[in-house]
Amino acid sequence: MRTLNVGMIGGGFMGKAHSLAYAGMPMFFWPAPAIPFRKTVVDIRDDLAQEAAARYGFESYASDWRKVVEDPSIDIIDIVTPNNTHAEIAIAAAKAGKHIISEKPLARTTEEAKQMLDAVTAAGVKHMVAFNYRRTPAVALAKKYIEEGAIGRVLNFRGTYLQDWSADPNSPLSWRFRKDIAGSGTLGDIGTHVIDFARYLVGEITEVMGTAQTWIKERPVSSGPVDKLGTVKASGDVKKGAVDVDDEISTLLRFENGAVGSIEATRNAWGRNNFLTFEIHGEKGSIAFNYERRDELQVCFADDPDDRRGFRTIYTGPAHPNGSALWPIPALGIGYGETKIIEAHDFISAIVNDTDVSPNFHDGYRIHVISDAIMASAKSGTWVKTVE
Amino acid sequence: MRTLNVGMIGGGFMGKAHSLAYAGMPMFFWPAPAIPFRKTVVDIRDDLAQEAAARYGFESYASDWRKVVEDPSIDIIDIVTPNNTHAEIAIAAAKAGKHIISEKPLARTTEEAKQMLDAVTAAGVKHMVAFNYRRTPAVALAKKYIEEGAIGRVLNFRGTYLQDWSADPNSPLSWRFRKDIAGSGTLGDIGTHVIDFARYLVGEITEVMGTAQTWIKERPVSSGPVDKLGTVKASGDVKKGAVDVDDEISTLLRFENGAVGSIEATRNAWGRNNFLTFEIHGEKGSIAFNYERRDELQVCFADDPDDRRGFRTIYTGPAHPNGSALWPIPALGIGYGETKIIEAHDFISAIVNDTDVSPNFHDGYRIHVISDAIMASAKSGTWVKTVE
Amino acid sequence: MRTLNVGMIGGGFMGKAHSLAYAGMPMFFWPAPAIPFRKTVVDIRDDLAQEAAARYGFESYASDWRKVVEDPSIDIIDIVTPNNTHAEIAIAAAKAGKHIISEKPLARTTEEAKQMLDAVTAAGVKHMVAFNYRRTPAVALAKKYIEEGAIGRVLNFRGTYLQDWSADPNSPLSWRFRKDIAGSGTLGDIGTHVIDFARYLVGEITEVMGTAQTWIKERPVSSGPVDKLGTVKASGDVKKGAVDVDDEISTLLRFENGAVGSIEATRNAWGRNNFLTFEIHGEKGSIAFNYERRDELQVCFADDPDDRRGFRTIYTGPAHPNGSALWPIPALGIGYGETKIIEAHDFISAIVNDTDVSPNFHDGYRIHVISDAIMASAKSGTWVKTVE
Amino acid sequence: MRTLNVGMIGGGFMGKAHSLAYAGMPMFFWPAPAIPFRKTVVDIRDDLAQEAAARYGFESYASDWRKVVEDPSIDIIDIVTPNNTHAEIAIAAAKAGKHIISEKPLARTTEEAKQMLDAVTAAGVKHMVAFNYRRTPAVALAKKYIEEGAIGRVLNFRGTYLQDWSADPNSPLSWRFRKDIAGSGTLGDIGTHVIDFARYLVGEITEVMGTAQTWIKERPVSSGPVDKLGTVKASGDVKKGAVDVDDEISTLLRFENGAVGSIEATRNAWGRNNFLTFEIHGEKGSIAFNYERRDELQVCFADDPDDRRGFRTIYTGPAHPNGSALWPIPALGIGYGETKIIEAHDFISAIVNDTDVSPNFHDGYRIHVISDAIMASAKSGTWVKTVE
């Protein structure tokens, strides 16, 4: 069985998730398309990188990502660093002929995303952007139902992504609140997952109307090392810095195929943790999903008899997408790890079989175009087209 | 105890609900502010009116509403007819010095609504528009929490009203699909309930951005008598007529107090029956409500300790608004009837105590202004102000 | 249309519910089988009875129930008094040839219940015991599915009735905690509703194995008038009295048809309000119900394809039992009132059409036999048969 | 950092879960107590063992478990084989001085379990039985609340484990339906998880009253290799074999501390997938859990004010048990894998720190004693004590 050597750039929370995916993928998908070997992990200091190697099961470590990108034994570059570094790493990796998987959003700006897309296209390498939530089995099942025509023509898509980890004004000014590093705020961080759902399940978005809010305009500047998700509370800090990104966006959508929609994303919704939801109305039925209860998909079929019609709660399992690879009983439990294991499988399959995989850098670029349009619309107060 | 004589114009489904309210109000609210006596009911034909009197417990009946409006023994005119008749009846009743409760929406057009408001103002009578859902105890509890500051400053309001009774293209072209009678479609029929929630719970709406869809552009013209809700399926009909109102609206909102929001209303959402919901995010907490599970209110308080914070499911009962009047145990069961009983109580209290009641014709008029703005925005694609 | 004169004995919370039912029944069921006329209401003092008449819409009042029972103009005696008075009133009413509806449980003891059953049987009058919850449309729908064979042979019934209104040890020693008045505690008060569900939906119970607990062994003796449900908190009371009934029961069941089951009932479950539930497993499907969300029935059909099988959430409405009489849209809202309106309809229909109605005094008696067996089993620790 | 070499006996679904746990443990818990090294995996044939090694990331493989048990480089023996082999392997491993983790139930019979317990006790090795569900963060949170006294003295425990994978009479006669291999049916397979919950959360069980049913008395004997969970449908089989174990059990419980309880377990509940639930009522609050929605714990505190009391839905995350090791945001997603990762961590910590861990072979043995008592009670129809 073929082995593919992985060089992972970044050692934070996402490094954990991706490492688990590489370790677990062949356990779930067997025979595996190839065995991903955790070859080298990179962090910004040698000691941190050494620790990451021990923790995440990599053979070696480095503090200079360029060396890993240029290492001829490396097949895959996995980018799990903050957004401001994605473009430089990905472009270098593409030039070095590596297959690339990057965390989302693809970049800070549409321009960066375009350069990344051009680079991988020119290099002919495989590329993926890690919008992993669409790989939740229940989301894949929604896609399958829609493709089978089970709910007829899609009329309406409503998506939300609500969290509350930044609702506290005392949570520190991490990089996720800084435009120079993150590019945008809630929109790029979590809103893009909903855009990915919308494009995956319904089709291309052609026009948007948006609003954006920054509810908490300044936050404490932590003097210590900043947590990756900014959830560590500042203690004794008095200095505050300005937040220059959005806390919340709300937008109306029009799709190429005539459907309409809306998206709301916020990190200021007390009590909502990872409330990534969609509800889709079609001519022949409806589908609803809430990632907080991700083993379940709700579906209603218009063709059911009047006295037996209602939303069915389907627990995904062996009868559903990737069912034979996952757990043998529904609700045994899909966690975050499983979404990443499926993602790793699909990316490595694409490499081995020389096929396209989605969402790729083109999708990541399109999501940037749409995000830009949302922010432009929020400024102009008018609908903004996202296609020429 | 004082008695107030009611003349009810209309004998359909809403007549049933209002009659139950008059009968039940003193049973629940005791001592009652006054006893509403079901004096005269009006329907379009004498035989129908006679039947309505027997069924709904009225002392007498009539087929000419003008006679009832002019009857000096009548204290209250209750309008439960289709929308195209509200204005004429209400204006006449105001001139005759009657207190008036009208079903919603107040009229077909803003102009009609303004004339009605002017008439009741000039006459100095009490007036109410029957947006009953805000009288659900859980909704009143949400209002109480907000007024107590329990969730802090409101940032965001999201409301939906999703139904599916017109999702079937074979459901007939009832008056609810005709602009000349209904004034508008889903927006007026059910979207206005959400606008009422928004104004009640958050405050005045100052600007809107809307879209509107008519998914099913023609429907069978039933040859027989049309059911009030249009749910009776046409059989053997081939003739179809055009639908000239909206099936679905989606809108973004801005409030006077700086909050933002969104509303979606549709009658084409398979599996959603009476899915009237809101979710409100505040600086110190969140509130969520779904009328389909109307005994419950979800509330999250930011001040709870980190390891014990989460949405609480509050079942309304004796400890909550109108608790002593309703059932002695939470979840014994609030139905549609109870919302109407509370509505009747509050209207009659206002008459007896000579106080204002809300929502009144001013609220009804404002909802028309906002609805007009939504439809104007849907045409223009720009934000439309709803205040000067 | 025929009129039936009602004499209602008792003016508390249940009097309210029954009065609403009489007023509302013809509004919902039209043409009505007969019009129930609220003729005379009885309370223990003249002034209370006078107030009850005004409040509940009765033509006259009395403080001596015997006079009403003997009044030849009265057709129906409605017993809504505490349990210790049911037998005496019912037996007298039967002798006077009145049709009788009694609140539940039928009596304090099986012996009393048997005497009541014998009396109505001898008199040939119609009789009903007000286990109203089985008239919830969703429960009636469960019955319909089972009768249609939609879930195959029933294997297992699990029922619960959980409340928390007596979980507070400071709630006073109302009549519901006194064996001499109530006969039993939680078992009679609410457990009997679950026994009624079990017999209604599955069939006769032949054997039981039970446990019973009294968690709070003494309670404050309120000096003031005791609330019917005992929810009024004692203030400044120091005197306590012994509780001589059960707070909680748990039991295993065997049914005549081979099914098995269990019932748990308690009034000491913090956070459960009116958590009256059942879950039924059949060879071809399952059904689940929770009265706290009483507009809904959950049903799973084994025959659904593997990838589309799951519990369906059915919102009851026009397509379901009594649908044409109730509200025109599902989830418009079934409350406690509606269950009582249907109950009144079915009782009056039985009188007019001279048919049997269920649950009747025989059912009420059987429930006493089963309750006795549960308490006997709780003492003996062995299974106890409930049929000869 | 210390490394512990693992020899895993068995290569089925549970082998996958345990392998993922060893790979993922240090990624989550860092610094790890020790690194578990996947040294040797055993399956019944060399080719299967070789495949398991490649799939699950083991360094070597073997088809004779005795060699691995005797291999001096092995520190831990992990038993993931069918129940009939646990005792022999564990006793040999104990004699060889290995630390042992065994899948559940511990054995086929209490006698076997006792021998295993005696062997590990005599050997002084660490031992654990893999009732992993108690390691779900929400279950650990329930334990924490109870220990903190947040719900006061526990009065009542109700547990269920409902599945439907064997509800179809055509699912084949796998080893799980054979007493000679499995020891018992549903009780041992899944009911024991609930017994583990009961003992973990409430305390020792002293007396039981049980019933047991075998609904499907014979099943097709599959001619091909039998799936571990028996979910593969037989095709073309006509031969049937007898099921000699229970499909379903239902039991009442008494605890040492005065609490009471009940357990129901079945694999014949259509629509229930992994419906492992408990509800606990205490003097000061209640807790409810459903593994199908395992990120959530429901808790109600009596001390909340009357108008703000209700079940809180707590999504477990960084503020809760093992929060810093798991995902950085609640509802990012706990799956089956995470429960196994925590289990591996706790077992390895116990080895490194020379402490006890629970559930261990003593717990496993006690669960056998209780299970035997349940089956004995089901036969005798009387309460059976589980302690001397």
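Per-chain numbering from 1; labels A, B, C and D assigned in written order.
Rule of thumb we're sticking to: a contact is a pair of C-beta atoms (placed from the backbone, for glycine too) under 8 Å apart; a residue touches a chain by one contact, two chains touch by 3 or more.
Worth saying up front: this structure is predicted, and the values here are computed from it rather than measured.
S.K.: Averaging each chain's C-alpha atoms to get its centre, pick out the one most distant from subunit B.
M.R.: With centres defined by C-alpha atoms, farthest from subunit B sits D.
S.K.: Count the touching C-beta pairs: is B-D or C-D ahead?
M.R.: C-D
S.K.: Whole-Å distance, subunit A centre to subunit D centre, using C-alpha means?
M.R.: Each chain's C-alpha centroid was found; their separation is 33 Å.
S.K.: Determine the centre-to-centre distance between subunit C and subunit D, using the mean Cα coordinates as centres, and give it in whole Å.
M.R.: That pair's centroid distance is 41 Å.
S.K.: Using mean CA coordinates as chain centres, what's the subunit B-subunit D distance in Å?
M.R.: The answer is 53 Å.
S.K.: Specify, in ascending order, the residues of subunit A that touch 2 or more different other chains.
M.R.: Those would be 301, 309-311, 315.
S.K.: Given the complex with subunit C, which residues does subunit B contribute to the contact?
M.R.: Residues of subunit B touching subunit C: 1, 13, 16, 19-20, 23-24, 26-28, 30, 32, 35, 51, 54-57, 163, 165, 227-229, 231, 273-275, 291-296, 315, 317-318, 327-339.
S.K.: What does subunit C use to touch subunit D in their complex?
M.R.: Against subunit D, subunit C makes touches at 151, 155-156, 158, 164, 167-168, 209, 211, 213, 215, 248, 250, 252, 260, 262, 264, 266, 268-272, 279, 281-286, 298, 300-302, 309-311, 381-383.
S.K.: Given the complex with subunit C, which residues does subunit A contribute to the contact?
M.R.: 141, 299, 301, 304, 306-315, 319-320
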